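So, here come the structures, one by one.
The two complexes that follow have chain A in common; it is paired with chain B in the first and with chain C in the second.
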Partner chain A sequence: MKFKKFMRTYRPFTRAGMLESVAYRANFICFLLGEIMSCFIMFFVWKAVFNSTSGQDFMGFSMNDMVVYLFITFLTGYLTYSDGTYAIATEIRDGSIAMRMIKPCSFDMCFLFQELGNKIFNVLVIFTPIVVGVEAYKWVITGSCQFNVVNFLLYVVSLILAYLISFYFNVSYGFMAFYLKNLWGADILKECIVNFLSGATIPLAFMPPFLASVLSFLPFSSLSYTPVMIYMGMYSPFEIVYKMLFQVFWLAVMILISKLVWRHAVKRLCSQGG
Partner chain B sequence: MIYVNDLRKEFKKTIKEPGLKGSLKALFKPNNEIITAVDSITFHVPKGEILGFIGPNGAGKSTVIKMLTGILTPTSGTCEINGYIPQKNRQKYVKEIGVVFGQRTQLWWDLALRETYSVLKEIYDVPDAEFKSRMAFLNEVLELDDFISSPVRTLSLGQRMRADIAASLLHNPKVLFLDEPTIGLDVVVKDNIRNAIQKINAEEGTTVILTTHDLADIELLCNRIVMIDKGKKVFDGQISELKREFGQMRDLHFELTHTDDFDKLVYLEDFKVTQDDVEIKNEGASVSVRFNSDKISVEDMLSYTLAKVHVKDINVKDADIEEIIRRLYKREVSIDEV
Partner chain C sequence: MGRMFRLHRIFVAQYMKNLMEYKVDFLTGAISFLIGQIVQIATIGIIFSQIPDLEGWGFNEILFIYGFSLIPKGIDHLLFDNLWSVGYFIVRKGDFDKYLTRPINSLFYVIAEKFCVDAFGELFMGIVLIVYSLIQLKLTLTWYMIPLFIVAVVFATLIYTALKIGTSAIAFWTKASGHITHMVYMTNDFSKYPTTIYNKVVRTLITYVIPFAFTAYYPASYFLGKGEPLFCIGGTVIAAVVLMFISVCIWNRGIKAYESAGS
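Now for the complex of A and B:
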């Protein structure tokens, strides 16, 4: 019953998000093209790296693994991307956050459900083609169907956890705008650091062992590296359980941080712009 | 219904010295100053009243409204509305209030207006039947039909304001906060909006708190006004009281045909009044006289002036609200000094 009430309150935000996302179709198409292009650029860079190495493998990755890694990382990064920092910082900067506070809903839930709505079409447009494409590629290269349903389903679960971690991380980060007033620079800095630390730029396995083990304990590896490795079947069942629990742990930490920051920040709100 | 007790809000403001050097200094060693935006305000509003909350720009009106709606946290003091403390039970509290900030919109920028209302219906849990009759009512008073299918970003200011007011009334709030709801609107739209406020107040007994710079809003709508300046309350009472005391000031403006004629006008001596009741300013050929119409009738003033001098152009108008506030505030100061 409580759940039903909860959904009734927040479903409209998802609907609003969906309607918003179709209001700017050209924007979405441009964004998608840009992302796909940068994905192919990475593909050709790594292809050059593999071509110039003597052996078949490069640090335990074959070229095939690398292709799967690149595209699944791209997909994961795209799906777990959260606009929270930017959206919240903008609302704080121009003061429109006040309009959210006069609505009878929880602040982070509004954002979450609105963003989910924003994402639905993007997910439909991008998810299936990439997964089908990657699996078709593997089939052609190896000559047999490699699709593993269990890994795929575990990937989806891990992906959802990763998105929620990303969301709460971004919300917490966005609240910094209460103190800094303008978050544009800090947001760019965050993107760079997170992309590197999460293994989205370079697989963590390619990094020096010490750095790799440090990074695997930070929350960032949960954002991208964990779900991708699960999809690729790189983890043993024990590792999968362990890594997912690790994700749940970081999710709890992020939710806690966002609540604490919100509680503290809201007192400092000074509602800019009249 | 609404109890505000000793409400106070302070902001920290960083003082920057001018230039790049000053900015750098402020970055490393900020020099903070505490600004008191709202200074110990106390008032009480009974159910069903329309309260006009007025004061000059920067007086702290919006800050008070923001504290009452739970957006800002007071530095000290309390406010209690419908038995809720806005900052404590925010989600429950805001379900029973409607808020319109004239300078912002609560509508979804990219959605058609109709969609916005159905989103709000779900958020506020409005039953279908009630939603239908409410929409019909709001449609009728605010004439939303012409633009209900357009995306909010394409609405004109007047349309948007009407839409915003409708949005704030959809869930039949017990208290309605309106922060400058008629700012920048034409006469017809203003009428529309005043009408809606009046109707909703009469039919549902909604308590309304309204800030405005338009004296007509106050005159047509409010039973009572609270006036603040520099964060302090300077007047609290019936509108008739205010008018009796301060609303009698008129401004007479005219353009002399011969600039030298100015010396012929000796209002103070001829009408035997003090400077409190007549205040004269002139700059070249243009003259403005502010006078108390209780002491000197408009007719006497005009006939005296026209008999003494030749004028090119002449008009009389009410002193605006900021002028009334200024006089009021000045009086307070002079009382303190005595």
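Now for the complex of A and C:
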């Protein structure tokens, strides 16, 4: 019963988000093409790196692994991306956040369901082509189909956890941006740091051992590195369980932080016009 | 021309007052860009800790190319950033009326209005990388390389600006074109590495279609003693002039097609 009411409250937000993303589909596709360019740049850089190394492998990765890594990392980054920072900071600035506060629904849930609606279109447009493309590439290179259903399903679970961590992290950071004022700068700062710390720019395995072990304990590796490694089948069953529990742990921490920040910020909030 | 310079000074002074009001803003922006670059350089550093060279290019040479790429990009970012707003919202909201009703050239007005100090992060990093890599490489520079360097930087900057002018002018017909500018602009990352690592399609694209290779790799390879001056520096000049000509034509036609927004 409770669940039904919950869904009835939040479904309209999902619908609105979905319509929004379909309305701006041309923008979305152009953006996607712009962003995926960086994947191709890194593809050529890695190809040159592999040409310059004497052996077949580069620190345990073959060129084949590297291609899978690049594109699945891109996909993971895109699907776990959350616009919370910008959306919240903008709403605080122009005062429209007041409208959210007078509605009889939870603040973060509204955002979450709206963004999920936004994601549906993204998933349709990029998820299937990238996964099929990557698998086809592996098939052509190795000569046999290597698609692993179990790893794939575990990847999806881990991806959802990663998205939720990212969402709550961005909600918290959105309030930070409120203090920092320069939204755009603060957002770019966050992107760069998170991409590096989460192993999206370069696999954690390539980093100096000390740095890698520190980073694997921070929440960022849960955002990208964990799901990607699961997809690639780099983890043993024990490691998968361990890493996923780790994701759940950081999700709980992020939810807690976002609630605390929200409570603190509401007291300070001084809406302008609205 | 003199009038334009005087006006530009007034605009900058105006903007500087604005900036002093928001010091934290400025620091966040500049530091963000600085850290963004440091992260990318750390990535290159990690790769090079495992390999002696990248298809014949050493670590310091790559740093030089990378550093060079940041200078024109940073200058364009500093002076011509307002063009992004044209494609994203100025035209869509009908705010472009303002630029047409003033007694100065609309393109000049759009450009001069804003001054983006976030770019100092990029410029600072670019200079540091160039100086560092030059010391490490122990390159001997001849006197005429300094004017050539300035020429290369100026025209490389114009390549960025011209691409932004041309793509944002599309908004005069389509109402919004920020995403097209973004798509074209993102190809600039290809110029940070030697074009020899790419395949033929990409190399042709970034040399002749969207000539970002002339904003960094070609001029930089000349200064590293690995490129023909005529092609590397001359190409930059020609690419910039041709692109600028096309872009200004698109802009001027676009203004004629511009219809203000409804409300």
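Here, the second predicted complex is superposed on the first by the 266 of 274 C-alpha atoms of A that agree within 3 Å, B and C clash if a C-alpha of one lies under 4 Å from a C-alpha of the other, contacts with A are read in each partner's own complex, and residues count from 1 in each chain.
The definition used in the following text is that contacts are C-beta pairs under 8 Å (C-beta built on N, C-alpha and C of every residue); 3 or more make two chains touch, one makes a residue touch a chain.
Note that the coordinates shown come from a computational prediction; the quantities given were computed from them, not determined experimentally.
Of the two partner chains, neither chain B nor chain C is touched by A:F246.
When the two complexes are overlaid on their common chain A, residue A:G95 makes contact with chain B while staying clear of chain C. After superposition on the shared chain, chain A has more residues touched by C, the comparison being chain B against chain C. Contacts of A:F121 after superposition: neither chain B nor chain C is touched. Of the two partner chains placed by superposition, A:Y86 touches none, neither chain B nor chain C. Of the two partner chains, neither chain B nor chain C is touched by A:F147.
In the superposition on chain A, A:Y137 makes contact with neither chain B nor chain C. When the two complexes are superposed on chain A, none of the residues of chain A touches both chain B and chain C.
On chain A, the positions that touch chain C within their shared complex are 26-27, 30-31, 33-35, 37-38, 40-41, 44-45, 47-49, 51-53, 58-59, 180-182, 184-186, 188-189, 191-193, 195-196, 201-202, 206-208. Touching chain A in their complex are the following residues of chain B: 11, 62, 66, 69-73, 90-92, 94-95, 97, 99, 101, 103-106, 108, 110-111, 115, 118-120, 122-125, 151. The part of chain C that touches chain A in the complex is made up of residues 22, 24-26, 28-33, 35-36, 39-40, 42-43, 46-47, 50-55, 118, 176, 178-180, 182-183, 185-187, 189-190, 192-193, 197-199, 202. Contact residues of chain A toward chain B in the complex are 8-9, 11-13, 15-16, 19-20, 23-24, 95-96, 98-99, 101-106, 266-267, 269-271, 273-274.
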